[in-house]
Amino acid sequence: MFFHRQELQHQATPERPDAVYARKLQEVLGGQYGEITVAMQYGFQSWNIHLPGKYRDLLYGIGAEEFGHVEMLATMIAQLLEKAPLGITDEAVQNDPTVAAVIGGTDLQHAIVAGAGARPVDSMGNPWSAGYITASGNLLADFTANANAEMQGRLQVARLYHMTDDHGVRDLLAFLLARDTMHQNQWLAAAQELRDEGLEGLPVPDNFPLGKEDRDVSYQYINFSNGQHASEGRWASGPTPDGKGEFSYVAEPPAGVPMPPPTHPDARLYGTTDVPNVVEKMAGRAQDALGRE
Amino acid sequence: MFFHRQELQHQATPERPDAVYARKLQEVLGGQYGEITVAMQYGFQSWNIHLPGKYRDLLYGIGAEEFGHVEMLATMIAQLLEKAPLGITDEAVQNDPTVAAVIGGTDLQHAIVAGAGARPVDSMGNPWSAGYITASGNLLADFTANANAEMQGRLQVARLYHMTDDHGVRDLLAFLLARDTMHQNQWLAAAQELRDEGLEGLPVPDNFPLGKEDRDVSYQYINFSNGQHASEGRWASGPTPDGKGEFSYVAEPPAGVPMPPPTHPDARLYGTTDVPNVVEKMAGRAQDALGRE
Amino acid sequence: MFFHRQELQHQATPERPDAVYARKLQEVLGGQYGEITVAMQYGFQSWNIHLPGKYRDLLYGIGAEEFGHVEMLATMIAQLLEKAPLGITDEAVQNDPTVAAVIGGTDLQHAIVAGAGARPVDSMGNPWSAGYITASGNLLADFTANANAEMQGRLQVARLYHMTDDHGVRDLLAFLLARDTMHQNQWLAAAQELRDEGLEGLPVPDNFPLGKEDRDVSYQYINFSNGQHASEGRWASGPTPDGKGEFSYVAEPPAGVPMPPPTHPDARLYGTTDVPNVVEKMAGRAQDALGRE
Amino acid sequence: MFFHRQELQHQATPERPDAVYARKLQEVLGGQYGEITVAMQYGFQSWNIHLPGKYRDLLYGIGAEEFGHVEMLATMIAQLLEKAPLGITDEAVQNDPTVAAVIGGTDLQHAIVAGAGARPVDSMGNPWSAGYITASGNLLADFTANANAEMQGRLQVARLYHMTDDHGVRDLLAFLLARDTMHQNQWLAAAQELRDEGLEGLPVPDNFPLGKEDRDVSYQYINFSNGQHASEGRWASGPTPDGKGEFSYVAEPPAGVPMPPPTHPDARLYGTTDVPNVVEKMAGRAQDALGRE
Amino acid sequence: MFFHRQELQHQATPERPDAVYARKLQEVLGGQYGEITVAMQYGFQSWNIHLPGKYRDLLYGIGAEEFGHVEMLATMIAQLLEKAPLGITDEAVQNDPTVAAVIGGTDLQHAIVAGAGARPVDSMGNPWSAGYITASGNLLADFTANANAEMQGRLQVARLYHMTDDHGVRDLLAFLLARDTMHQNQWLAAAQELRDEGLEGLPVPDNFPLGKEDRDVSYQYINFSNGQHASEGRWASGPTPDGKGEFSYVAEPPAGVPMPPPTHPDARLYGTTDVPNVVEKMAGRAQDALGRE
Amino acid sequence: MFFHRQELQHQATPERPDAVYARKLQEVLGGQYGEITVAMQYGFQSWNIHLPGKYRDLLYGIGAEEFGHVEMLATMIAQLLEKAPLGITDEAVQNDPTVAAVIGGTDLQHAIVAGAGARPVDSMGNPWSAGYITASGNLLADFTANANAEMQGRLQVARLYHMTDDHGVRDLLAFLLARDTMHQNQWLAAAQELRDEGLEGLPVPDNFPLGKEDRDVSYQYINFSNGQHASEGRWASGPTPDGKGEFSYVAEPPAGVPMPPPTHPDARLYGTTDVPNVVEKMAGRAQDALGRE
C-alpha cells in the first residue's frame, strides 16, 4: 500500500516562471531516465522479487521515494509555467522576437493540453513509455540496470543545472544530484553484496551451466573494425572480471561459415522464388485462362 | 564504412522448423535487449565519442559484430518459419487442436506480413524502438548501460535455451551465450579502466563540482517503506563505492516542507480555480448576455 | 511524498497458478484503462491543480490508493505465473497439445523478459504509454475523464471475472469491482458539485465567451448519415443539458462552402504543381544543361 | 459507405499564413483529443454496436461529420503553411532573430516531410495513435468517453482561440467551438436517455450481479493522503448517484493484509532466490568443474 | 465533407464466427498496410495537394472508398467475434485443449476491451499509428508510395485468403483483391501520366538542379558485399530509367576519407574526453576540497 | 557478417557548428524515410529472401552502404552540435533573443540526453521505429517500397539542401542526392527485371489465381467524390499496366448491400443491447435483491 502526505521531501519553488526551462526539466520527469522510470522500475522489481529480506526492503524503501521525486518535479514545472505566454501571431513576431523565441522553446502541450501543467513526457514531447523499464527477476542484472539509470539521471540533472541560474530550481537540482549520488553508490554496493553473498555472480546468470556455453569464444575480443588500439585495454588481456578466464585479442574475425540456402516456405505466401516456381505460375495462369479455381 | 561478407560468424541452422519457437527468438533479435539494440547502441556511442584511441576502437570493434548477430538471428528465424502453417479455420480446430495450438503460439505477422520471414519486433510483436538505446557521451555511464544490456541479453538467451531441444538452435544459443559472457566482462573491465585512468569516476559525472550538491543527503539511505531489513545491507553503513563518504541509514524520512500554493496561470487557459474566478465568470456571462465580445 | 507499507489493501493470492489468465489480467494493470493509468492520471491532476481544498484532497486521497492497486495486481500476476511452463518444442506439441495451447495463450515476455514476473503492459503486450492519461487543468472535463476511466475499468474487470473460476482471483476482482463502483459514483458526484458551486459549468469551458462562438450551430444535430432514427432521441429536441439552448434536428447537412484553391508553397519544397511550374522546371533543366548552379 | 463532396462544412481560410500557428493547430487535428480521434472513435463504436435504431444512427450521423472536420483543419493548416520559411543558417540568425524564432516554433516536418502540408500528428510532432480511442461495446461507458472527448476538445480549441488574432482562423474555431458545444450536450443527453430507458445504469456495467461484488467498500471514500477536506464533498456522504447506496468517509485506510511470500518459479528462469538456491548453484558450478552437462 | 450511407459496398458476412480468424483479419484493417492506412494516406495527400483537376479528383475519389473498406472489415470482424469464447481456466485446459488453443489464438482485447468488437490494431495488437502514412506533396513519390501500399495490401489479403475456408469471408476478400488490383494499376498509371505530362520526372524531385548533385556517383552500383552476381542485373549497366545516364558497376567501394577528429563540446555536458580534461577535473576536485562553488 | 573500416564514404564535416540545422538533419538519419530505415529495410529483405543470385547480392550490396550513410550523418550531426549552447534563462532572453531563438530551434535531447551527440530520432524527436520498414518476401512489392523510400529520401535531402548555406553540409548532401538518384533508378530497374524475367508480375502477387478474384470490379475506377475530372486520366480508360484488362470509369458507386444486423455476443461481455436484454437485467437485479449469486 502507498500513502501520500501533503508535503514535499525538499523545497521545489522557482524564483520566477520560465516556460522554456519547464520544457527542459520534463526530461528528468518523463524521459527515458526520468523519475517516472526509476519509480516504476523499482516498483516492478519489488513486486516480482523472489526472496524476502534486505534486498526486497531496499527496493520497497527507495521506490516510494522516487514517486515523491516525480511529484516534486511536476510541482516545480507547474510553477515554472505559471506565466507561460499563450503564444503570438505572426505579426507580433515582427515586433517582438523575444516573445516568439520563448514560444518556440516551449512545450506547446503545456499550454494547449495541460493548461500550464506538467506533462508525462520528455523534453521533446514523447509520452513516457513502459518500454523504458527493466525488471528481469535476476537481481545482479537489475541492480546494474538501476546503477546505470541513476548515472544517466544524475548526468542529465548536472547538465540541466547549467541551463538555468534560477536559485530555486538549482536548489532542487542540488538535492536531486545528491540523491542520485546516493542511489548510484547504493546499487553498486548492492550488486557487490549479491556477489559477496554468493547469491549471484558473473557472468549473469552465473548458474547457467557453463558447460553448455561455447567456451572457445567466451573471453575473446574479436575486432570487427580496422583500428588496433582496443588491444591496449584491459579487456584484451589478463584475467576477466568474472574470475573464470583470461581475455585474449583476435585482431581479425576468423572465417565464417557459409550462409544456409534461401528458404522456400509455402507457395501460398507468394514470396518471390526462382525458376521452378515460374513453372507453377504459368500453370496458375493457364488455370486462370481456363476460368477455373 | 561498413562492409558485408556473405558468411555467418557461426552456424545458424535449426534441425527442423518450429514457428512457435521462431516467435520466441524474436525477443533477442528485436526486443528491448535484443541484438538490434546493442548494435545500434554501440554504433551511436562510437559516432558521438569525444576521444580517439582504445575506447573508440572498442566501440567500433564490437558494433559491427553485433550487426552480424542480428543477421544470424534473422537467418535462423527465417528457417524456423520455413514450414509455418498458414492457419486454420474454426472447424479444423475441432478436429486437430495441435495445429490450432501452434497457430496460437506464432507471430501472425511472420506469415501475413513477412511471408515466413524474420521481423524487426520482439516476441510480443512490438516493433523495435530507438527509445531502447543509450548514448550519453559519458563513457562510464554508457559502459554501465552496456554491461546491463549484455547481462539482460545473456539472461534471456539462457532462458530461451531451455525452451527448445533443437540442437541447431541450441548450438547458436551456446555461441551467443559465450559472446555475451565476453561482452559482460569486457564492459565491466572497460568501466574499471576508465576509473583507473582517471578519465571518469563515481559518482557519474564525477567532475560536477560536489560543492554544488546538497551533500547532507548524498550518502543517506532514507527508508520510505516499513521494512527494516535494508539496514543490514552494505548500502546502509560503511564506506561508499565512490570513496567519498560513509553510508548512513535513516529509518524514517524526516518531515518534509509544505507544498507551494496552487498556481494561477492565465485565465484564458480555462483551468478551474477558486472563488474570485467565479466572479470573473459571472462577469463573462453577463458580457455574453449583452452580446458583446 | 509517498510512503509504502508492506501490506496489501486486500488479499491477492490465487488458488493456483494460471499463466494464461495472468496475461489477461495484464489488461487492467497496464492497459489503456488499467490501474497504472488511473494512478498516474490522478497524480498529474493533483500536481497541476489550481485550487486548494476538497477537490485537491480528493485527488491526493485516491491517487495513492490506485498505486496500491497496481501493486496488488502485479503481486497477483507474479503468483499466477509461478508455475509458468518454459515452453515446448515442436515435437512435444505433437504429443501434448494442451501444453502447447497454454504456451500460445501466455505473454511470452512474462517468461523470457521478466522471469515469471508481472510486466507494465496490456494483455496484448503493448507497453503502457503516458499517452493514455488526461490532465487538462479544467476539473469538470477531467472528472468526466475520470468517470469514464472508472467505467471502462469496471467493465473490463467484470469481463475478466467470467474468464476464471479461481476463487482467489475472483475475490480480488470482487474487491476491485466495488472500488470502481465507488470511484464512478465519486467522480460523477464531484462533477456535479463543481457545477452546483458554480466553479465550472457546461459547455466546458463555460467561461469562454459564448458571444465568440458560432451560436447558430451550437445545438443542431446535423445528420451526416442516411438513417433518420436519431431524430427520436432527446439530443434532437427539447432543452439542452447545459440549460442554454434547445436541440434541433437537421436531417441533411446544408450546402457547404467551396474549397479554397490549392496552395503554392516555396518551389524549393518540390511539391507537384501545375503548368507554370513546368515552365520553371524547363528553365531549371536548361540551367542544368548549361552546367550552372 | 462514405461519400465525399468537394465542399467544406464551414469556411477554412486564414487571413495570412502563420507557420508557427499551423503547428499549434495540429493539436486539435492529430492530438489525443483531436478530430481524428473523435472521427475514428465514433466510427468504431458504430461498427461494433449491438442494437439498431436511434443510438446507432446517432453514431453514424456524427461520425462522418467529424471526418469533415479533419478535412477542414488539414485544409486550414496547409494554407497557414503556404509561406513557411525554409529555415535559416546560423549566420543569418545573428542578423535576424525574428526569422530564427519563427523556425524554432514550427513543426519541422511540415517543411521537410510534407512540403508545407498538414501532418497526422499533434503539436509536439507525435503521430496520431489508435491507442487514443475508446469503443467498449457498453454505450453508457462509451458515451461518457465521448462527452469527455468533446469537453477536452472544446477546451483546447478555446485555448487556441486566444493564441491567434487571425480572423479567418478564429472564424473556423468559432464554428468548431459551437459544434463541440452541441456534441458535449448530445452525449450527455444520450447517456441520460440510456439510463431513462433502462438500457444501461450505474455503476457501469449495471447488470453485473452486485451480489458478486465486495459491497462493504462499494461506497466508501478511503483517504490515502493526509488532507481532510475531501470529507466535505458530496462524494463523502449522502446518497450515491447510482441510487443504490450511501457514501461514507473513511479518514484512514484500515489495516491491510500481509503480503504473500515471494514466488519461486522454475529455476531455469535464473531469477535470484535465497539460500537453498545457492546450494544448487554450487552443485551447478561443481558440475561445470567436472565438464559435464 | 464526408457523408455516410448505411450500406456496404460489398457483402461482409461470414458463414460462421471464428475468433481466431478475426484476429488475423485485423492486419488488413489496422496494420501498416491496412485499410486505415490507405484511407488516411489518400486523405492527407488530397488535403495537401497543390494543383486542381484530375489528380486531386483521383485522390478524393478513392479516399472515401477506402473509409468504406475500413467499415466493411470492422463489420466482418465484429461478426466473426460473435461467439468468441470468454476464456478458460487452467483446469479446463486439461480437459479441452481445443478451447484453450482457440483462446491462445485470439486477440484478447477483442473480448476484454471491445466486448467482441473490432479494434484499430494489427494482428499482433499494435495500435494503428499515423507514422505509417506518406504525404510529401510530390505526387510522383506519393503515387509510388500508393502503388506499394496497394501491392503490400493485396499480398496480405491473398495470404489471408488461404487461411480460411469460410465462403463469406472469402467472398469479401475476393472483392478486396479486385479493388487492390485496380488500385495498383491506377497508381502506376497515374505515376506514368505525371511523367508523360512533364509534371514530374525521375529522379524525384526532378527539378532539383542536377548541377548541384555529385554526378560522379549518380549511376554507380557500388558493391559493399562480397557477392558478384549483382553485376548481372540491368541496374549494373545500360541506360538508367530516368533517361539521364548509364549504369556502371563498381566491384569494390573506393577508399574512403579519414574520419573527422572527435568533437569537444562544452565541458559542462560532462562527456568523457582525454587527458587535458583530466587536469580540469583535478582542478574541479581541488575546488571541491576548498568548499567553493 | 559486417565489418567496419574507420573511414567515411564521403567527407562529412561542416564549415561551422549549427545546432538548429543539426536537428533538421535528424530527419534523414532517424525519420520515417531516413538512412536507418533503408539500411534496416534492405537488411531484412536480404535475410528473408527466397532465391539466390543477383537479387540477393543486390540487397546485400546496398544494405551495408546504407549503414555507412547512417554513420556519415551521425558524424556530421555531432560536429554541427559541437558548439551547441547549453540554454538560457528567462532573463537572458530579454537581452538576447537570438540565443533564445537558437535554443527554441534545437533538439533539446541533443544536449540533455546525448551531450552534444546525434540521436536515433527524427527532426521532431520521435524515436526511430521498426514499424517504418517493409520486407514482405515478394520482391516486386518490396522493390516498389524501396523505390518509394529512395524518392521520399531524396526529396527530403533536396529540401534540406536549401535550408543551409554551409558548404560542408551541402557537399555531403550533394553526395547523398546522387546516391539516392542511383538507388531510385536501381530499384525501378530491378522491379522491371523481375517482370521481364517472369519472376513476378502485376498485379502483385501475380500468381494468386485471378479466377478467385471478383473480376467485375478489377479495373473500375469508382468515384466516391463529386469531382469528375478523374475521368480524364489514363487510369479511367484504356489498357491497364498489368496488361490484363481495360480501365473503366464509374461516375457514381452502385447501390450497396444492406448492413448485416447488429451482433449479439455473450451477455457476460456487458455490451449494450436492446429490450430483451433489459428483461434479463431486471432478473439480475431481482437476483441481487435476493442476495444470491
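First chain written, first letter: the chains are A, B, C, D, E and F, and each begins at residue 1.
FYI, contacts are C-beta pairs under 8 Å (C-beta built on N, C-alpha and C of every residue); 3 or more make two chains touch, one makes a residue touch a chain.
Because the structure is a prediction, the values reported are computed rather than measured.
Asker: Pick same or different for copies chain C and chain D, depending on whether their interface residues overlap by over half.
Answerer: The interface is built from the same residue numbers on each side, given that over half of them are used by both copies.
Asker: Which of the two pairs, B-F or A-E, is linked by more C-beta contacts?
Answerer: Output for the comparison: B-F.
Asker: If you average the CA atoms of chain A and of chain D, how far apart do the two points sit, in angstrom?
Answerer: Each chain reduced to its C-alpha mean, chain A and chain D end up 25 Å apart.
Asker: Taking each chain's centre as the mean of its CA atoms, how far is chain B from chain D in angstrom?
Answerer: The answer is 26 Å.
Asker: Where in chain E do residues touch two or more other chains at once?
Answerer: Within chain E, the residues that touch at least two other chains are 1-9, 32, 48, 53, 55-56, 60-61, 63-65, 68, 75, 78, 86, 97, 100-101, 103-105, 111, 113, 115-117, 121, 124-127, 129, 131, 136-138, 140, 155, 158-159, 162, 205, 208, 212, 224-225, 227, 253, 256, 263-265, 268-271.
Asker: Which chain D residues qualify as touching chain C in the complex?
Answerer: It is residues 5-13, 32, 53-58, 60-65, 68, 75, 78-79, 81-84, 86, 111, 115-117, 126, 129, 131-132, 134, 136, 138, 140-141, 144-145, 147-148, 151-152, 154-155, 158, 161, 170-171, 174-175, 177-182, 184-190, 192-193, 202-205, 208, 212-225, 227-235, 240-242, 245, 247, 253, 255-260, 263-266, 268-271 of chain D that touch chain C.
Asker: Residues of chain B touching chain E in their complex?
Answerer: Touching chain E: residues 1-6, 48-53, 55-56, 86-91, 93-94, 97, 100-101, 103-105, 107-109, 111-113, 115, 121, 124-127, 136-140, 194, 198-200, 205-212 of chain B.
Asker: Under the touch definition given earlier, write down the residues of chain A that touch chain F in their complex.
Answerer: Chain A reaches chain F through residues 16-18, 20-21, 23-24, 27, 31-32, 97-98, 100-105, 122-126, 155-156, 159-160, 162-166, 224-227, 253, 256, 261-265, 267, 269-274, 277-278, 280-281, 284-285, 287-288, 291-293.
Asker: Quick one: which bits of chain A touch chain C in the complex? Just the residue numbers, please.
Answerer: 1-9, 30, 36, 40, 43-44, 47-48, 60-61, 63-65, 67-68, 70-71, 74-75, 78, 113-121, 127-131, 133, 135-138
Asker: What residues of chain A sit close enough to touch chain E in their complex?
Answerer: Interface residues on the chain A side: 155, 158-159, 162, 268-270.
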